[in-house]
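Mind looking over this structure? Questions follow.
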Amino acid sequence: MSAFQLPLASFGGAIEFIFTPQSSNVTGGEKVGGFDQVVELTLKQLEVTLLALALALVVALPLGLYLGHKGKGELLLVGLANAGRAIPELALIALVAAVIGVGLLNLTPALAVLGIPPILTNAFVGVRQVDQATIDAARGMGMSELEIIRKVELPLALPTLMGGVRLAMIAIVATATIAPLAGVESLGDFILNESVYGSDGVLAGAILIALLALALEGALALLQRRLTSDGLKLKTS
Amino acid sequence: MRIDKTRWRALLAVLAALALTLGIAACGDSDDSTTSGSTEGGDAAGAIQSNPDNGKVTLTIGSKNFPEQEILGEIYAQALAAAGYKVKSALNLGSETVALKSLKTGQISGYPEYASTALTSFFGLEPEEVPADAAEAWEKANTEFEKEDLQAFEPTPFASANAVGTTKETADEYGLKTVSDLEGVSEKLSLYGSPECRQRIDCLAGLEKLYGLKFKSFTPVDISLRYTVLEKGQADLSILFTTDPQLSAESDKFVILEDDKEVFPAGNVIFVTRKAVAEEAGPDFEETILKVQEGLTLEVMQELDARVELEKETPEEAAKAYLESAGYVG
Amino acid sequence: MGDVALLAAAGEVGGDFFKERDSDSLPCQAQPDHLFCFDWAQENIDRYGTPTLQHFEIVALSLLFGFAVAFALALLAHRNRWLRPPLLAGTGVLYTIPSVAFFFLLLPITGRGRDTAIIVLAAYTLQIIYRNTMVGLANVPDAAKTAARGMGMSERQVLWRIELPLAVPEIVAGLRIASLSTMAIATFAVFIAREGLGTQIYGQGNLTFPTSIIIAAAIVIAMALAIDAILLSVQRLLTPWRRARPA
């Protein structure tokens, strides 16, 4: 029984940390933890995550749609998707901090870089999967190329595209966890600074980050379902 | 449509062999690095003699998470290994609270701490209560440590302190020579420091309470970035250490402001361990440590810091060079 | 008793110990704006040996365990349809939780060290390997299975002789993707264990040392590509009857 008691006690301490400010390990300092601080750092992590995700979308979505529409660059994109997975995120953050500089303005593009490969590839694949007959019909109806992309290909590619957005979000939120290394505060502060927040704080940070990631993923999954037109719902698993 | 049986079997055999090899390799590794002791006592005067009795004792030497600490940890670890102990190192543990916890829970046998940090951080003294004299500071800290069954050995010759640093341009622009000069100016300036700086009285907490300064912003960054943020122009002010090599190697770029209200007490390094460990390890434990740190003057420590922080040598290499040059090991 | 006689000369470093340094004469690695120092890299390349080996071991073990578990789960779900939604969701949850956070969730239970890292990294691979195995099995044409049953094969023989071999491309594709991500994420292991190439990126003041970061990242990427190539060959070996499809 005692093998389980210790972890349970730790989790109890972590829950307390989330809700009530505790005195810090370091004497003479202000209190740490508590709901207000938790909310503050959660918002900070959300801020950098959403900014980076938005930036990734702005760059990757139009490009992916265009390439998919034209049918060009498949090999390159497949390679890019794989290469994107192999980037060591820690090295990316460290290089940004050492070479470019710390802070939100410097970190957001780096995080966006992590999100671009899945969005780009999935946008491309999503468009490629659109039935050629549908596109031909649209052309027959007199739609311009741009209209075809906007009104036909994009909606039909949405489910696959959203899958890419979810992947991007997971990568970005995970790396935003170590944003404190580059001078951007986030829930990762709790984890990386045991000296200030104590082991309760570390565990609390881990729990909060896991919950945040799951919540964001769940929200995007719901959005994916809403945006999938009913006709496609039968096809997607 | 059937897969060739031989191919399947060959593949499975290869995978099994691979798994087996990796399994063996994985089991063979230990977590911490082990330094093997040299049995060569050497004829050179002052060299550390290896005592075979010490071989029964295993010591784990820890350190805090910045280069000066890691160098010290390596010096002690290598010296103790030369004295015949079985030594493991667990450097880069974290800040002082993490290191102390590791010591109390038995994960490490000892680590080097600054007397001033111990007094202010562990025992809640105000900076003005920290004795300026190294021996006094040590005695005060030791008295407190003994209440917790810990023990601190006597101090090193050199001392280090936190300091508020900035670029030469900023100092010239605002006419900053002492920390008090920041009055009225600090509201326009951003300060960067370690995450625990906010809580420490010899850091931001002291600057706010004892100097009465308010800053435009405080951004926590990793200690290793303390000069990078100044160089890149993101930080107007940064918390530095008085033993930093950049201060002498790049003295035309960085300056530290004089601590006129003495909020940043200088601390000599004292090796902290548990009483039980010291007893079990025998007299060579304390004697070796005291002996090997005698050569650590301020100049020497700065040179060692320079080798690791500027030339990017490993703490291990720097420590070895020191021990050999000073004649402690052959 | 060891003789530790102290003489006056003890503890003084040699005169040549100190080096002259000023802003102009700083070596490449000490320059604030340096990006990559070739000289330093050449001299210090052996520093990366042990971390690389540790990194590889952690990745290999994680992939091995992850594959074993995911494959077993997929076989279970292949027979028992009701398992599919919960398993898909479960592996999905494990994939979504950021690995650094996951390390510290396990900390009270498994403590610091390589084992915790391996558990988390293996958990991270479950979703992709499980899903790809399921998709691979689902894509097996019914005609092939019917023909095999018609020839008198048992369900078990159908699985191992028909379905799995045909599913190999998908399975290996999943394994390839998993190996790429695991290679990259294993750098995070530095936060929970002092092992792997992450130590050359984050530990010991490397955070301000682009040369070291670049070398470590390059090694990670090189190993990732190598494993990818090896797995591609494995895939070709196992499917002699068709060309490998791109991932």
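By written order: A, B and C. Residues from 1 in each chain.
Convention: contacts are C-beta pairs under 8 Å (C-beta built on N, C-alpha and C of every residue); 3 or more make two chains touch, one makes a residue touch a chain.
Just so it is clear, the model here is predicted, and its values are computed rather than measured.
Chemist: Would you mind checking which chain's mean C-alpha position lies nearest the centre of all protein C-alpha atoms?
Modeler: C
Chemist: Using C-alpha centres only, name the chain that sits farthest from subunit A.
Modeler: Here the answer is chain B, farthest from subunit A.
Chemist: More C-beta pairs touching across which pair, A-B or B-C?
Modeler: Higher C-beta contact count between the two pairs: B-C.
Chemist: Hey, how far is the Cα centre of subunit A from the one of subunit C, in Å?
Modeler: Once rounded, the distance between the two centres reads 20 Å.
Chemist: Quick one: subunit A and subunit B, Cα centre-to-centre, how many Å?
Modeler: Here subunit A and subunit B have centroids separated by 36 Å.
Chemist: How many Å are there between the centre of subunit B and the centre of subunit C, using C-alpha atoms for each centre?
Modeler: Result: the chain centres lie 31 Å from each other.
Chemist: Listing for subunit A: what residues touch at least two other chains?
Modeler: 97-98, 181, 192
Chemist: If I count partner chains per residue in subunit B, which residues reach a count of at least 2?
Modeler: Within subunit B, the residues that touch at least two other chains are 222, 225, 228.
Chemist: Which subunit C residues reach two or more other chains?
Modeler: 206-209
Chemist: Report the residues of subunit C in contact with subunit B in the complex, numbered from low to high.
Modeler: 1-7, 9-14, 17-19, 21-23, 26-27, 29-30, 32-33, 40, 44, 47, 54, 57, 60-61, 64, 113-114, 144, 161-162, 165-166, 193-195, 203-209, 211-212, 234, 237-238, 240-241
Chemist: Within the complex, which stretch of subunit A touches subunit B?
Modeler: 24-30, 32, 97-98, 100-103, 180-181, 183, 185, 189, 192-196, 198
Chemist: Using the touch rule from the top, collect the residues of subunit C that touch subunit A in their complex.
Modeler: Those residues of subunit C that touch subunit A are 35, 92-93, 95-105, 107-109, 176-177, 180-181, 183-185, 187-188, 190-191, 197-198, 201-202, 206-210, 213-214, 216-217, 220-221, 224-225, 228, 246-247.
Chemist: Which residues of subunit B touch subunit A once you look at their complex with the stated criterion?
Modeler: Residue positions touching the partner: 94-98, 120-124, 192, 195-196, 198-201, 205, 219-222, 225, 228-229, 232-234.
Chemist: Can you check the complex and tell me which residues of subunit B touch subunit C?
Modeler: Within the complex, subunit B contacts subunit C at residues 1-4, 7-8, 11, 18-19, 22-23, 25-26, 29, 31-32, 45-46, 48-51, 54, 66-67, 70, 83-84, 92, 222, 224-225, 227-228, 231, 245, 248-253, 283-284, 287-288, 291-292, 294-295, 299-300, 303, 306, 308-312, 314-315, 321-322, 325-328.
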